[in-house]
Amino acid sequence: MSLQNETLRDHACLIVHGPDQPGLVAAVTALVTRNKGNIVSLDQYSDDPEGGSFFQRVVFHRADLKAALPDVEADIATTLEPYGMQWRITDQSIPKRMAILASTSDHCLLDLLWRHRRGDLPVTIPMVVSNHTSTADDVRSFGVPFFHVPSQGADKTEAEARIIELLKGNVDFIVLARYMQILSSDFLAQVGVPVINIHHSFLPAFIGAAPYRKAKERGVKLIGATSHYVTDDLDEGPIIEQDVVRVTHADTAADLQRRGADVERAVLSRAVLWHAQDRVIRHGNHTIVF
Amino acid sequence: MSLQNETLRDHACLIVHGPDQPGLVAAVTALVTRNKGNIVSLDQYSDDPEGGSFFQRVVFHRADLKAALPDVEADIATTLEPYGMQWRITDQSIPKRMAILASTSDHCLLDLLWRHRRGDLPVTIPMVVSNHTSTADDVRSFGVPFFHVPSQGADKTEAEARIIELLKGNVDFIVLARYMQILSSDFLAQVGVPVINIHHSFLPAFIGAAPYRKAKERGVKLIGATSHYVTDDLDEGPIIEQDVVRVTHADTAADLQRRGADVERAVLSRAVLWHAQDRVIRHGNHTIVF
Amino acid sequence: MSLQNETLRDHACLIVHGPDQPGLVAAVTALVTRNKGNIVSLDQYSDDPEGGSFFQRVVFHRADLKAALPDVEADIATTLEPYGMQWRITDQSIPKRMAILASTSDHCLLDLLWRHRRGDLPVTIPMVVSNHTSTADDVRSFGVPFFHVPSQGADKTEAEARIIELLKGNVDFIVLARYMQILSSDFLAQVGVPVINIHHSFLPAFIGAAPYRKAKERGVKLIGATSHYVTDDLDEGPIIEQDVVRVTHADTAADLQRRGADVERAVLSRAVLWHAQDRVIRHGNHTIVF
Amino acid sequence: MSLQNETLRDHACLIVHGPDQPGLVAAVTALVTRNKGNIVSLDQYSDDPEGGSFFQRVVFHRADLKAALPDVEADIATTLEPYGMQWRITDQSIPKRMAILASTSDHCLLDLLWRHRRGDLPVTIPMVVSNHTSTADDVRSFGVPFFHVPSQGADKTEAEARIIELLKGNVDFIVLARYMQILSSDFLAQVGVPVINIHHSFLPAFIGAAPYRKAKERGVKLIGATSHYVTDDLDEGPIIEQDVVRVTHADTAADLQRRGADVERAVLSRAVLWHAQDRVIRHGNHTIVF
């Protein structure tokens, strides 16, 4: 899972998925070769060779990719049509545009901004939107625009509309860095790009609010964090990444929160990296992570 | 967490718990000293210094412990009475008697028998009781008696009565090594000793049957195992130990089961070791593990 | 990394490695397809797209594989010759024959025998050879032949010659399950099959004898185990797998040994599984593990 | 390992170590009680009950601690003199003063500053000293003074003298947050406070420079980081904390460096926290971490 920004020029990533059938890998690799692509990495997975679903990710180098892309796309469409496969191709040298929605907690937010500045996340960050102003100075010190959109009570219609205005057309995906507000189905439908959340528990344990308090009450010996795509069902979206850390009876709920914060930022940063690298394919309520 | 059988002679383990109050640790350590004990290890914990509960475990060496024990116990009773504390003292050189209840799965069962033979578990194993005969030869090859008590349909009254007959008076605690039968409240009340279970998930995720299938359906990225004391509430008893292992989209439900088996036996063996060493104190639905 | 013995019928595993060059993946997948193979899994890696080395593992299903294999092999040879690649193809339904060399420690030995009986290792075990007899009964209770070849002092020529006699022609690889004897270069040359060792430290820390004692002396906070291919250079062969476990100042050297035993058997079993599945490619002093 | 700043008022931490002998724990706990202290936590360890060394850490609450401390100290001195023990007592409400020495890498430095601002490190940070200016703005944005002391070639006498001037009398311990300069014995002797380093490998593997390159060359499957006290022997000081992360053949040396950075900052922050809480006792080349 190398991240070498300088070598991403003229690299394309092709994702193919659909009903599994013989000859698919050969068809895709032949396609890449006849379009003068040199395969850099290839992953494939079938959840059932007999009548299951097929998933493939190919990264290839192609000199003068930008100029060639329209022809390559036409060839892909023609080649894959008989197989009934879905596909998408991306120029790996073009970073995805990632908006961050945040609240008062700064650990996930600052970790993403710092990793981005360090060159470890192949994205641009056009904006951070928060319902509080406490992180404004920090965000702007990274050279990232900060917008304050307060959450106004139970009716979130207006706040969501304002956020949509800011995001619409400007972002390729959204990260909820401990945003702590439940987004409406309308918002998700309108915004039209993937939304990645970090939940502060090892889902499906401790769904909903206050998971660290619930973990303390249940007396668990490990606490965790889960990054997942947001869907209409709270905390039920496809899981991208999870991790845990060991705790003891002596850790208070405040300790769990403090220690969990480290797991949260680590898990979220991995999920964001993998999404940004087109390594994650959604399939029903699951993810395939190559 | 050293286990040196040869050095356990003349070692006592004193467990004290009850309402926290000033001077408790000093009272207990003075008590040990005036009874000619030399403290080898001491752990204490208070869940709230103001009005909370206090827990202490002291291991001390006392020459000629066996002869001295009645006097020591009398002194403990007198000393701790004004504090209203519960206590128990055990001679660490006397291994606890552990019965194992098993079914067709052999991984947890054989692991416990093998660790015991190796000298890594300070217990004796007076019997293995199983509702199948498939592991009988293996069990007996370790020199451990094997009894077959079939589970007869929905009504478990007769089977449980037969098991009670075998266990009654012969064991200090019971381990369910993937026994797969739910024990009745009556059984638990009659048997009168702690019962330790291994559940094949990271509780409270995937309570109940078929957790690996549920884990596959939910698409989690880690699977786990949980060892807990058995109570009337299924999978809700106090957790002693938990652990997890990383899995991917490519692991089938059968893979999860195979890989989970390693976590199950590791987690169960740690829980059994700690229980056998009097390291685990139950408190409501929690455990303090020293 | 699924292990489904029943579905391995008519499955071939093709390993290709050599100088990286454009079109290799396409050439191999086209080859598989024109030989009526359906690709089940494919992994590839290049350590440097410009002038580096290329490694590929393809598992494919081909009806009536056994009959077709000679033709497939001829096609592979013809196809890959211009590329100057090394290759090997195996029928995945034919388990590799694994000999185990052991000594007095039984933890790695019994773990491998138990996993094999459970169906979790796709190998046959034609023999266990030990320089002590202490494990003979256990080994034979698994239905596996046991041979005793004592180590006779400093001169191992005779013992090694006797072991060679037993192994020659009967095994596809050898596992040193805490064998504790250093094999001579002559032995390695004559035996002519891969030899996998488990070293009881996180190599390259604590090379040589008594690593747990050295770990205790250095005061490390983690101890580990390393499985590697045996070469003429002691503890310097290509590493297949490693893992660690947390320890504290309170763990004695005996504790480290006891706790390390669990890591050793876990690490060795993974290395053996991956080798048996043709997932490990040696390259200089490294391994590629697909 | 709870960190509750608000409850540290009137809390003292007493560290006792020296030759093990009967009655020590009782003597110390009686001492605390007669000085009106209420024991909050107590840890003790003996590396050998027969003629070994004894280590104890007691945290106790004592109303009006500041005023009482001189009397408490006098009592401790009198009580422990006959035992020949070393001891120190600290008022837990007074944070230690921590200086950070850094260079161009910002990951450990910023992580410490961020954790401090968040209230997760019970220290003050009077200064950051760096041999480069690249992190000056970041450091000052946290309200922490930044001093630039360039490393001037092979002769570090002048630079070290300048750093001593800055530190002398102003700090209780020093953290090398990837400082990358070897401090002279003279410097260590003059500065007179503990110095904590983070080494970017799992010591004792890969001692010295360029450990990630060496790890890549050796083909290890885990990389790690080690935090230790600095002594005259490079990378040989007492280890406080270590951790590892899994890597594969596909990770480049740059990947190892990027992924290792996360382990480095996590390991260093734990070592710093435990030192700041007086949890770490040095003993020869080892640490006892309570």
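Assorted remarks:
The first chain written gets the first letter, and so on, giving A, B, C and D; residue counts start at 1 in each chain.
Note that a contact is a pair of C-beta atoms (placed from the backbone, for glycine too) under 8 Å apart; a residue touches a chain by one contact, two chains touch by 3 or more.
Just so you know, these numbers come straight off a predicted model, no measurement behind them.
Using the contact threshold fixed earlier, the set of chains in contact with both chain B and chain D is A, C.
With chains reduced to the mean position of their C-alpha atoms, the one farthest from chain D is C.
Computed centre separation for the pair chain B/chain C is 37 angstrom, with centres defined by C-alpha atoms. Separation between the centroids of chain A and chain B, computed from CA atoms only, is 42 Å.
Among the residues of chain A, those touching two or more other chains are numbered 45, 250. Across the complex, chain A is touched by residues 45, 47, 202-206, 217-222, 224, 238-244, 248-250, 285-289 of chain B. Taken together, the chain C residues at the contact with chain A in this complex read 22-26, 29-30, 32-33, 38-46, 49, 61. Note for the complex: chain D touches chain A at residues 1-4, 106-107, 110, 114, 118, 120, 141, 250-252, 254-255, 258, 262, 266.
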